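Read from first to last, the chains carry the letters A, B and C; within each, the first residue is number 1.
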Amino acid sequence: MSLRIMPKGALKAWVTRLQSRQFKVVGPKSLHGQYIFDEITDPNDLVLDYPTSVLPPKKFLLPPRETLFRFNARTMESHAEITVEPLIIFGVHTCDMHAIALLDKVHNTGYADQHYKAHRAATYLVSIECLKPCMEGSFCKSMGTLTVPEAFDLHLTDLGSDYAVDVGSEKGEELLEGFSSVWEPTESDYERVNNVMAAKWPHFSYRLECDVTELPDLLSISQKSPLWDELGERCLACGMCTKVCPTCYCFDVTDEIDLNLEKGERVRTWDSCQIEKFAVVAGGHNFRSSRALRQRHRFMRKGKYQYEAFGLMGCVGCGRCAAACLVHITPVDTFNELYRMRQSAKAVPQPQIKEPQP
Amino acid sequence: MTTQTLPRIAFFEFTSCEGCQLTVVDTLQAHPELLNVVEIVQFREAMSERGEDYQIAFVEGSCTRPHDETRLKEIRQQAKIVVALGACAHLGGINAIRNRQPLEEVRQYVYGDKADWFDTYVARPIEAVITVDAVIPGCPIDRNEFAMAVSHLLQGRMPNIPDYPLCIECKLMENVCMFQRGKACLGPITRSGCGAICPAYGDGCEGCRGLIPKPNIESLKQVLREHGMSEEEIDAKMTMFLTYQKMRLEEKR
Amino acid sequence: MTTLLNETLRQESIYIPTPARIATINPMTATEKLFRVALPSGFSLAHRPGQFVEVSIFGVGEAPISICSSPSHSNGSFELCVRSAGKLTNALHRLSPGGTIAIRGPFGRGFPIERFRGKDIIFVAGGLGIAPLRSLIEEVIADRGKYGRVYILYGSRSPNDILFSEDLKLWANAPRTEVHLTVDRTAPGWDGNIGVITTLFPKLRFHSRNMVAVVVGPPVMYRFVLMELLARGLADGNIWLSFERQMKCAVGKCGHCQMHHIYTCQDGPAFSYAQIKNLEEAL
């Protein structure tokens, strides 16, 4: 919508001001040498120049444990438990913004999920332009997630002494309301933004050997690849890859009830397709009984299934799963290995149709 | 006071430190409402009366002597539901560490010239002797899990105990991975549900809640090797709580 | 004015079920009971054969169960044939008539019954698979003139496990309708066929040209029945199957029932063989 400039020195005052306007502010902060998204009570704790977070900001939109409704088992009354508060998430990386775009799509398709929508509506997203690669496992440039999708309310770009503030929505406008330390950009501010944007690209490399648009087809022809068995041998089925993934949204539902067996609640918790029981039916049959099948399902979702179901890629290249995995199973290696296997299969001479001789 | 008869429960102990029953006492203080929904007829840790008319038996401790078997079978005869309480009853617990050594040597080492007085044998979980309906795992048990289990049993269903690995719970807490801190951890093969209490306080998981279904032990061993552990250290790490389960897996192979 | 039950999902929360009363319970076998469930007045289920509902008992949980009564026999209530096999179904079996449960649904796409008109139909049921098929069979029998010949093949573990035996007799008496039963293990008094469901096929004389097949049973059954049907020349698009999957939400969110880009709860559970034959993990 429009661009503003804010001196970096004004950030803390802005955060404090937003807090005084009854917004809950969360953002990346340092904890035991890693970064986590957490409530910012002291603006000094907010770190916008951070590599990556342990869990993605998804946790505020789709909490790891969420009460869906409360019930009374005797009277059979029930009412939805949707409690949200105005929340600003600072410092969302562009990969995570793409993940949120997918979550938006999923939860608004078919029967819309009122719980997700309520969280989302109350949330203000202040994303930040990534100017250098955040960690070894990330491959955002390959996945096309190095630029911000439209879902942002405000988007910050670090210009050195100032932030360029892209206003993406009326909600974004609302956050800047009455804050005097922002100004309209001058011609030279635009030039500064352009320079920073131009300078950042060479710092990132393409890490996939194929193009992202080839991934769904590559995976289609890789259903029977021996690579899945290899991953299954190594995989611990610990489920960490799915916990840290910004696009995983599968959940389990359980009931909790008091000791008088009267009042209770139905709760959803994050689930993982990597654990043994995920696809078991009442009769005991397991539709993905091996770790190999479960890893295949995971990568197919990331590079193919979700794209086919929702039009958006299920992997945003954040690299968190690669960093968490104790047995070095990574999307970059997996996709590249499948691609190489295809290339070498192609290298085998195939019967050629003879071109008619002139 | 309610006139309706409450389900009667009883607690029993075999070879154990009775720490799990201590946790039950602790749970009763945190959840006094439990006493409104069950009647405790036998609980040596907390009361002197001993009723033998119970429906639910919570059994702590492992079976380590022939006459434990007799007593366990009596309990099974009486109780509609038998619940293994804690790692010793569930897995054989730390008592099972000795199972890898010749029994005679163990007895000599512990009891010296009185070894003949003690008829202790291989330490086993109670399910090796009697049918167990439910398990509340851990060393010690988790008090919230105990309260939840009682609530589920009153509903006539089995307690919903997680059987996914600890890593899931630990990662949700955003703990620093033990392996990043250069520590060995059994989280990837151990049942979750303890709130990842050891990693949260900086110690690797020891596996007290037992193995998950189909654990990838070989792959975890490789991870431990990559983190500089010798075969001996790896075996030692998996000995504390997992000896019995691992020996069973080895027999099957 | 009646409200469609699934309209309630668009209000407060897609996860909130509507309380419903258990009108009657009929024990069927050692492990199955038939529940007639009455919706509160003003609500209608308006389901299609092959759809399912999510059944709740507050404090225990929720599970997907296929509707086994036909839409034309509904009248504010519907039937569920439930095998005691998990925590929710066990609890359901302990309830008495008059007890209250809660319902969401109906969910998914049922069988495209309009496309079956004028055609011969072969129904193949294994075990509890007869339950969702009953909803469709009743609909076909009720409107018998609109369909060609009907063959009903039903395999059970033993004679004592046969479900809906009264209905089977009624169906066998309907015009141009054959019912063929088989059991895996015999018992005293059984003089019918013994063997897996495919042993019934040689007894049948049917013409596959104008025929549809509807197959519901345990996962292991599908492969073998498909081989028979395909060998007889049925077209992929004329073979219909219904899939069982773990489902926690039934609204295409929880991910448990996902196979490829398909959410079985919303895009199924009924599929034609043509739709799923190239999907790994489908069968």
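The criterion applied here is as follows: a contact is a pair of C-beta atoms (placed from the backbone, for glycine too) under 8 Å apart; a residue touches a chain by one contact, two chains touch by 3 or more.
Note that the structure is a prediction, hence the values are computed from the model and not measured.
A comparison of the A-C and B-C interfaces places the larger number of contacting C-beta pairs at A-C.
Overall, the chain located most centrally, as judged by its C-alpha mean against the mean of all protein C-alpha atoms, is A. Distance between Cα centroids is largest for the pairing of chain B with C. Averaging Cα coordinates per chain places chain A and chain B 38 Å apart. As a whole-number value, the distance joining the C-alpha centres of chain A and chain C reads 38 Å.
The distance from the centre of chain B to the centre of chain C, with each centre set as the mean of the Cα atoms, comes to 42 Å. Shared contact sites, meaning residues of chain A that touch two or more other chains, fall at 254, 257, 261. With touch defined as above, residues shared between interfaces to two or more other chains in chain B number as follows: 155, 160.
Contacts with at least two other chains are made by residues 59-60 of chain C.
Considering their complex, residues 68-69, 71-73, 76, 78-80, 82, 106-107, 109-115, 223-224, 249-255, 257, 261, 264, 266, 268, 271, 273, 278-283, 285, 287-288, 293, 296-297, 300-301, 304-309 of chain A touch chain C. Across the complex, chain A is touched by residues 31, 33-34, 36-37, 147-148, 150-151, 154-155, 160, 163-165, 167-168, 171-172, 174, 176-177, 179, 187-189, 212-214, 216, 219-220, 222-223 of chain B. Interface residues of chain C, counted against chain B in their complex, comprise 59-60, 87, 90-91, 94. Within the complex formed with chain A, the residues of chain C that make contact are 9-10, 12-17, 19, 57-63, 83, 85-86, 89, 100, 102, 218-220, 244-246, 248-249, 251-256, 258-263, 266, 280-281.
Interface residues of chain B facing chain C in the complex, by the touch rule stated above, are 155-158, 160.
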